[in-house]
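Below you'll find the structures, each written out as structure tokens.
There are two complexes below, and they share chain A, which is joined by chain B in the first and by chain C in the second.
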Partner chain A sequence: MSILEVKNLTHTYDGNTPFMHDAVKNVSFSISKGEVIGIIGHTGSGKSTLVQHLNGLLKATEGEILLDGVNIWENKKNIRAIRSRVGLVFQYPEYQLFEDTVYRDIAFGPKNMGLSDDEIANRIYEVCDLVGIKRDYLDKSPFDLSGGEKRRVAIAGVMAMQPEIIIFDEPVAGLDPQGRANVIKMINDYSKRYNATVLIISHNMEDMALIADKLLVMNKGELAIFDTTENVFRQHERLIRMGLNVPIVTQVMLSLKQKGIDVPDNIFTVDQAVDYLLSLKQGGNRNA
Partner chain B sequence: MLKDITFGQYFESKSFVHKLDPRTKLLLLLIIIILIFISKNWLSLLLVALLIFSSMIFSKIPIKMYLKNLKAVLPILIFTMIINLFYAGSTTATPKWSQNLFWNLTITDISLSRAVFMASRILLLIIVSAELTYTTTPNDLTDAIENLLSPLRFIGLKNAVHTLAMMMTIALRFIPTLIEETQKIMNAQKARGADLENGKLIERIKALIPILIPLLISSVRRAYELAEAMECRCYNGGEGRIRMKQLKYNFDDFFTFLIVFIVGATIIAINIIL
Partner chain C sequence: MNNIIEVKNVTFEYDDADRKDIILKDFCLDIKRGSFTVILGHNGSGKSTLAKLLNGLYKPTEGNVFVDGISTVDEKNEIEIKRRVGLVFQNPDNQLVASIVEDDVAFGPENLGHSPDVIRNEVDDALKAVDMYDFRKSTPHRLSGGQKQRIAIAGIIAMKPDCIVLDEPTAMLDPKGRAEIISTIKKLNSEKGITVVLITHFMEEAVDADRVIVMDDGKIVADSTPKDIFSNISLLKQVGLDVPQTTELLYRLKQGGMNITTDVISIEESAQKIYDAIHLEEI
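== the complex of A and B ==
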């Protein structure tokens, strides 16, 4: 049973003006509960436009979005309830912080859902443990934190709403390697803890290889490929034609292969590569 | 929504009016506004109107654009007409025709003519000002203002003029950026369940806080970044700066000035004779 189904979604910007163009063209796909989906695509391929439809921030020009089999626009007054079920973390979410304490900023989402103060407090402590915000941070001003910490607080603000589906638009953009690893871990932990469905937009193929079960490839507003991460990364030539690429370790393996060394083409993470190369060493030099 | 706001409303074209020097257009706008106000009778107003309409044709801007502009000022127009309709004025001429509505509100042929005259003046004012913004980019306009105000340096205001022009340029440049930013923050807060559309007035005002605070913070951040970027490129005010695009008057400008001066002289003559 798919939790989210997108049917023939088309979004036209600036309709009836000379600037009219389709940002998303006839996109259909469905996602099962608990899956982690990576969305990749060249800049301007319609990724951000696509995900803003999933929680009703944008209304499709054509097509529909079914959440648990029900059109999200079936009852217009319910759209805020839909937004608490489908969380969306925008790019650079730290720019949306506004409260005077971290606690109150994280509480903004749950409060809008109409939860009781006790329930809000419970959720905040839960999410802080999950994402690694220390308790004594809760009374600080979010503007006194470092960039990576701000990002963590902003993401916690959406996670505290405990959405069944959570969407991240380039969650690691502009972070240092430590911050990136933290955010990826947060996302992983959240999806495991709540059996949540996750969609991540990212340009970083290494992160995608680590975290995504499936990849959704957008090209010029159209859905180009939707398949398991392994099957997508196998089509490296097609990806390169779309201005995308495969993880660096896969590129290394591919160039080894071009040099005539027989290596498998399903190595996408450094760990896989290490394992494979070690097994070569143990099994004797087959090719080298 | 927010993106419908188009400030300045410049319309790209290569018409005669577009190609005029922005200083010419700015000065002529001032002169034409003065002409509209010194026109005391229908004949001179008709001359100004002819001048404005012919410039509209030369601007190659669709008439529809001008009409859209008028819609916004319709209430002011109607208000002016009604006030003038019932205002007897200081004229000593006896009306040929008059109609008492009720109490002592009386319409005469003189007041009727004055009401239409006033409305026409406002219409012409709006059309001619709109034409300036339709045919001149905001940046060209600030350049023109800086250039025209540059004589102020003789009274020790050189830096003030340059700073003012730079501030205007920056403000205009960042309007679209800020609109985009506002839209983004609104979406982000809506995704966190913020309700911006419903509720009583007080609730709606409160709902603006999560948008205004991030917007304010990011504006300050942008200002710092821009200031640093300008300093990195050795910006230190107007002293010794030259322009890549120099403003230059050419034959078209002199020709246009000439026509406007002829019309202006005629109007003054008509005012004296009649």
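== the complex of A and C ==
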């Protein structure tokens, strides 16, 4: 049973004007509970527009979104409840911090859900442990934190609502390698702890190879491919035509293959490459 | 003069009411004319502050920054400095001002008071240099991220600068856009002889630089060739950075007992190294 189903979604911007264009065209897919889905596509391919429909932030021009089999717009008054079940972390979410303490900033979402003060406190401590925010940070002003720390607080604010589905729009953009690794770990830990379904928009193919079960590839507003990460990264030429690429380590493997070494086409992480290349050595003349 | 930029004993602190941070202290750096320098460092290491000091957008609290021998500290030099050193930022949407591409690129030369026919040439040359001439009549908001960023670069090029400083110009771009920007930057450096200072979090973008500088806590902790820098994996990890995936692969193959050196970084060179190592085993 799929937790989220998108049916024939079309979104038209600037309708009935000379600038009218479809940002998302007739997109359909469904996602099972607990899956981690990577969304890739060139800039302007419709990724952000697509995900903003999933919690009712945008309303489809055509088509529908089913959450647990129910259209999210079935009862308009319920849309706020939908937004706490489907959490959305925007690009550069740290620009949206606004409270005077980290605690109050993280509490904002849970408060809007109508939770009691005790429950809110519990959730805040829980999420802080999960994402590695120290307790003594809670009384600080979010504006005194570093860029990476602010990003973490902003993400914690969405996680504290404990959404079943959590969507990240380019969560690692602008972060240094350590910050990138931290955010990827937070996302992984959250999905494991709550068996949550995760959607991540990213331009970083190496990160996608590490965390995504499946990849959803957008191209010019259309859904071009939706398949396992392995099956998507196998289509290296097609990805390049769409302005994308495969992970760097896979590019090294492709180059080895051209040189005549028999390498499989499902190596997308450094771990996989190291295992395979060292086994070649032990296995002797496998490529002779 | 051999150095286009000389940073001499610069201390820089933000002096807000509630925030007094020393970002750089007694900082020195020379940038050679015509060189391609990459600056790496974690968020908050002082890279962006340095970038803004290089064209006088920020003035040093103490010390001096010289561009082509001219001090940025003296207000009357402002136009001469900005003409020589252009800055490109992360988000292209924040850098484009006009509704037509060529008007946007003309903004700089217009402010320098050039005559219309000179501006026409400068704009055309700049758009050709970034391969966006065909889009001169387009409207920027209809372009892709990589295209917009190239327009921002053209706006700098039109002022015929000696040096371009780019602060994470690819952070928001897709893989194709990133590749476009990096190849544009390399071309401007090798063909037009423009000095490039590129600040980035993507280790792969440092591969073809002449020089890589690693900053940590407002100080330079390493300053050498890319091969040299990326062979020092422990230092990079210590300052919160990483190595390119190619280096990591070679390093771990070596640890696993493969007879291989780790002194290359490009994809092609890495594949060749692995190929050679595997064949060597077989003989």
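Definition applied: the second predicted complex is superposed on the first by the 284 of 288 C-alpha atoms of A that agree within 3 Å, B and C clash if a C-alpha of one lies under 4 Å from a C-alpha of the other, contacts with A are read in each partner's own complex, and residues count from 1 in each chain.
Operating definition for what follows: a residue touches a chain if its C-beta (ideal position, glycine included) is under 8 Å from a C-beta of that chain, and two chains touch if they have at least 3 such contacts.
What you are looking at is a predicted structure, and each value in this text was computed from that prediction instead of being measured.
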{"item": "Touched partner set for A:Val158, first chain B, second chain C, both or neither", "value": "first"}
{"item": "Which of chain B and chain C A:Phe108 touches, first, second, both or neither", "value": "first"}
{"item": "Partner contacting more residues of chain A (chain B vs chain C)", "value": "C"}
{"item": "Touching partner for A:Leu66 - first (chain B), second (chain C), both, neither", "value": "neither"}
{"item": "Touched partner set for A:Ile225, first chain B, second chain C, both or neither", "value": "neither"}
{"item": "Which superposed partner A:Leu57 touches (first chain B, second chain C, both, neither)", "value": "first"}
{"item": "Contacts of A:Leu88 with chain B and chain C, given as first, second, both or neither", "value": "first"}
{"item": "Residues of chain B touching chain A in the complex", "value": "184-185, 187-195, 209-210, 213-214, 217-218"}
{"item": "Residue ranges of chain C in contact with chain A within the complex", "value": "19, 41-44, 90, 144-146, 168, 171-178, 201, 203-204, 240-242, 244-246, 248-249, 252-253, 256-258, 267-268, 270-272, 274-275, 278, 281-282"}
{"item": "Partner chain C, residues of chain A touching it in the complex", "value": "41-44, 144, 146-148, 170, 173-180, 203, 205-206, 243-245, 247-249, 251-252, 255-256, 259, 261, 270, 273-274, 277-278, 280-281, 284-285, 287-288"}
{"item": "Residue numbers on chain A that touch chain B, as the complex places them", "value": "52, 55, 57, 80, 83-84, 87-90, 93, 95-98, 108-109, 112-113, 143, 157-158, 161"}
